[in-house]
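You will see chain A twice below: alongside chain B first, and alongside chain C after that.
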Partner chain A sequence: MSASQSVKKIIEINPYMLGTMAGGAADCQFWHRNLGVKCRLHELANKRRISVTGASKLLANILYSYRGMGLSVGTMIAGWDEKGPGLYYVDSEGGRLKGTRFSVGSGSPYAYGVLDSGYRYDMSVEEAAELARRAIYHATFRDGASGGVASVYHVGPNGWTKLSGDDVGELHYKYYPVEAEVVEQEMAELPVT
Partner chain B sequence: MESVFGLVGKDFAIVVADSSAVHSILLHKTNEDKIMLLDSHKLMGASGETGDRAQFTEYIQKNVALYQFRNGIPLTTAAAANFTRGELATALRKNPYMVNIILAGYDKETGPSLYFIDYIASLHKLDKAAFGYGSYFALSMMDRHYQRDMTVEEAVNLVDKVIMEIRSRLVVAPPNFVIKIVDKDGAREYAWRESIKDAPVIAS
Partner chain C sequence: MSIFEYNGCALVAMVGKNCFAIASDRRLGVQLQTIATDFQKIYKIHEKLFIGLSGLATDAQTLYQRLVFRHKLYELREERDMKPETFASLVSALLYEKRFGPYFCQPVIAGLGDEDKPFICTMDSIGAKELAKDFVVAGTASESLYGACESMFKPDMEPEELFETISQALLSSVDRDCLSGWGGHVYVVTPTEVTERILKGRMD
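Up next, the complex of A and B:
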């Protein structure tokens, strides 16, 4: 799970669920916070945590009820519940998709290319984190509207942890270090005769 | 644009839909199930705007279930179809649902039936119907090869022919399709026709 820009694009809904931000920042922040409230109310009313399915449905239903009114939200809800890991894509048109990997935002086609070619369901955490970081880097490289910081979070049975937050500019030189140029000819002063 | 089509055979009805979830140029998912089981003996295949499709068909599904709870007997296919059309019609002049629906069902008394309901709330009881860009190929092929009282095998053969035609002739053809069937034993998934497989999910 990664995001870019120095704006916080990964919103912590609760200790075991994260939401990503794409589209309108205000809309995403507000409605994710609202979702956090609803999830907590669910916990209090039902004495158990809400599932990722349930949380994503709550958000999708809210966004659907505002359809046509200009909300701009493209988000992924990622979390861990009794059924294991869950990932849902939810957007302001009311769409909601369950899947194993998604990419959202203006740079998303670029990220999909890198993500799809390196993905396996049984990857290790380190491999997955590096794949996600790489996908963000390559999307940022090509997409003018992306940039800043690539944050990577891991969501496990005990909740989420932040794995890294690398400046994408620095990532560039890490992946493609500057090689010393071979100097063919150097300009030199003419000998004075 | 999403393709949904269906036909009625001898004692069964079949509904086929593509399974791609698309946003502008991106294919988010290739195994999205767009044919909902309305109840034990009804299938509702829907195509249209993503949010409207999922939300409207679920709304119909829950109302069909509510009727059964309240009255102890299930709705007939015709009643469900007319209810659906009514909901679309009521919303049409205010907040229209951009969903096209093929509703297929099996009733003990009347056998299999198929209803074509489009987004402007027209309703037709038909033997075969299709929506989406795929309909340009599906309708003529079904008109040509359809017979009354086809067997399941004959119907699936025709369905496969249509799917192959859509795959080969439609410029942005959906790679995968889902086929569902409804007969006296109920509504169920019959098969998937996949040309792109998503990365396999290993059960944890």
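Up next, the complex of A and C:
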């Protein structure tokens, strides 16, 4: 949070797949771009788009081969393929998990609290975006290493779109406005006679 | 993480024309987790003397309690308030008593002395006094604070302008430090009045 308030933590791998950045910024940026290259090569070799399962496995296998060498990557791969929406968690320890909701990073415990208590499978897109925004906001409030901008993207059948990018400093006062204090005693000038 | 950075703090005091201002952030944390956003770090010793304590919060609270005790005894014996210069020497002596097992605190002292002349000073954790004519800083955001104060400070500012300057210096510095911030607390003291204000800052 100290280095920059405007770091892009959602990486656009291709028009229908997104990756999130947690851990080492250089590692995440490089290996996500590398994944984008591999996905494009797959398209050219097989004349069809790569599945989210396949893309996440490509990344997980690369990270596993560098295990123990000090890479720091905690990422979620989100995309849409023939089977519908797909979400995978992949990290530099070599772990890869499929799931319906994840939170990653030093602020993730705080985000999980909000996410888990508000989540329903049949939420609308607006409700889900607001839940995600609130989860990120609460993580930035409690975790010293989180802050800046809460970006929300939506991944649909036609690819991803950016829904919002709100400064969390302003989100705080939108969710918890400062109320004018009731003045108990007020000193006033006496009228001059 | 060093013991001085365990709780997180930002303190600054500035001298103006016949007045001074002392400001702090409001966060209490345990390493990266924020526990409270209304934690008091600046304490009043008497109407014209304030002390801010940065560093480990438990040592800051204990040290404050010991100082209040000593000042109350002084008031009973001398029948007057302590001068800021004398108080600074008292703090320095108390800190050096614990030379080989110190309080993990860095105090910032600000007061109006004889003829209401503003006095500010800071100390390290074992009592080395550092007097200044313009501003003093302490805490985890001290490097940013030095830069901000050096560029924003002008001598002989009136209370309103001093308030604006110290507030901007504090808020911009704590935004670059992940361990301090979550609001601001500013006291502006003139010979006739004390104004206490809470600053609206970034809560991340």
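Keep this in mind: the second predicted complex is superposed on the first by the 181 of 193 C-alpha atoms of A that agree within 3 Å, B and C clash if a C-alpha of one lies under 4 Å from a C-alpha of the other, contacts with A are read in each partner's own complex, and residues count from 1 in each chain.
Methods note: a contact is a pair of C-beta atoms (placed from the backbone, for glycine too) under 8 Å apart; a residue touches a chain by one contact, two chains touch by 3 or more.
Source: prediction; values computed, not measured.
With chain A as the common reference for superposition, the partners chain B and chain C occupy compatible, non-clashing space. Of the two partner chains, chain C is the only one touched by A:Tyr173; chain B is not. By the document's definition of touching, of the two partners only chain C reaches A:Phe141; chain B does not.
By the touch criterion stated above, A:Arg120 is placed in contact with chain B alone, chain C being left untouched. Measured by the number of chain A residues touched, the leading partner among chain B and chain C is B. In the superposed model, A:Ser106 makes contact with chain C only, not with chain B. When the shared chain is aligned, no partner comes close enough to touch A:Arg48: not chain B, not chain C.
Residue contacts after overlaying the shared chain place A:Gly84 against chain B, while chain C stays out of touching range. Legend: residue contacts after superposition of the two complexes on their common chain; A:Gly95 is shown touching chain B, with no touch to chain C. Between chain B and chain C, the smallest C-alpha to C-alpha distance in the superposed model amounts to 15 Å. Once both structures are placed on chain A, no chain A residue is touched by chain B and, in the other complex, by chain C. Residue ranges on chain C touching chain A, taken from their complex, read 8, 29, 31-34, 175-179, 200-204. Here chain A touches chain C in the complex through residues 1-2, 5, 106, 140-148, 168-169, 172-173, 178, going by the rule given at the top. Chain B contributes residues 21, 23, 25-26, 28-29, 32, 49-52, 54-55, 95, 198-202, 204 to its touches with chain A in the complex. Against chain B, in their complex, chain A makes its touches with residues 60-61, 63-64, 67-68, 84, 89, 91, 93-97, 99-103, 108-109, 112, 119-122.
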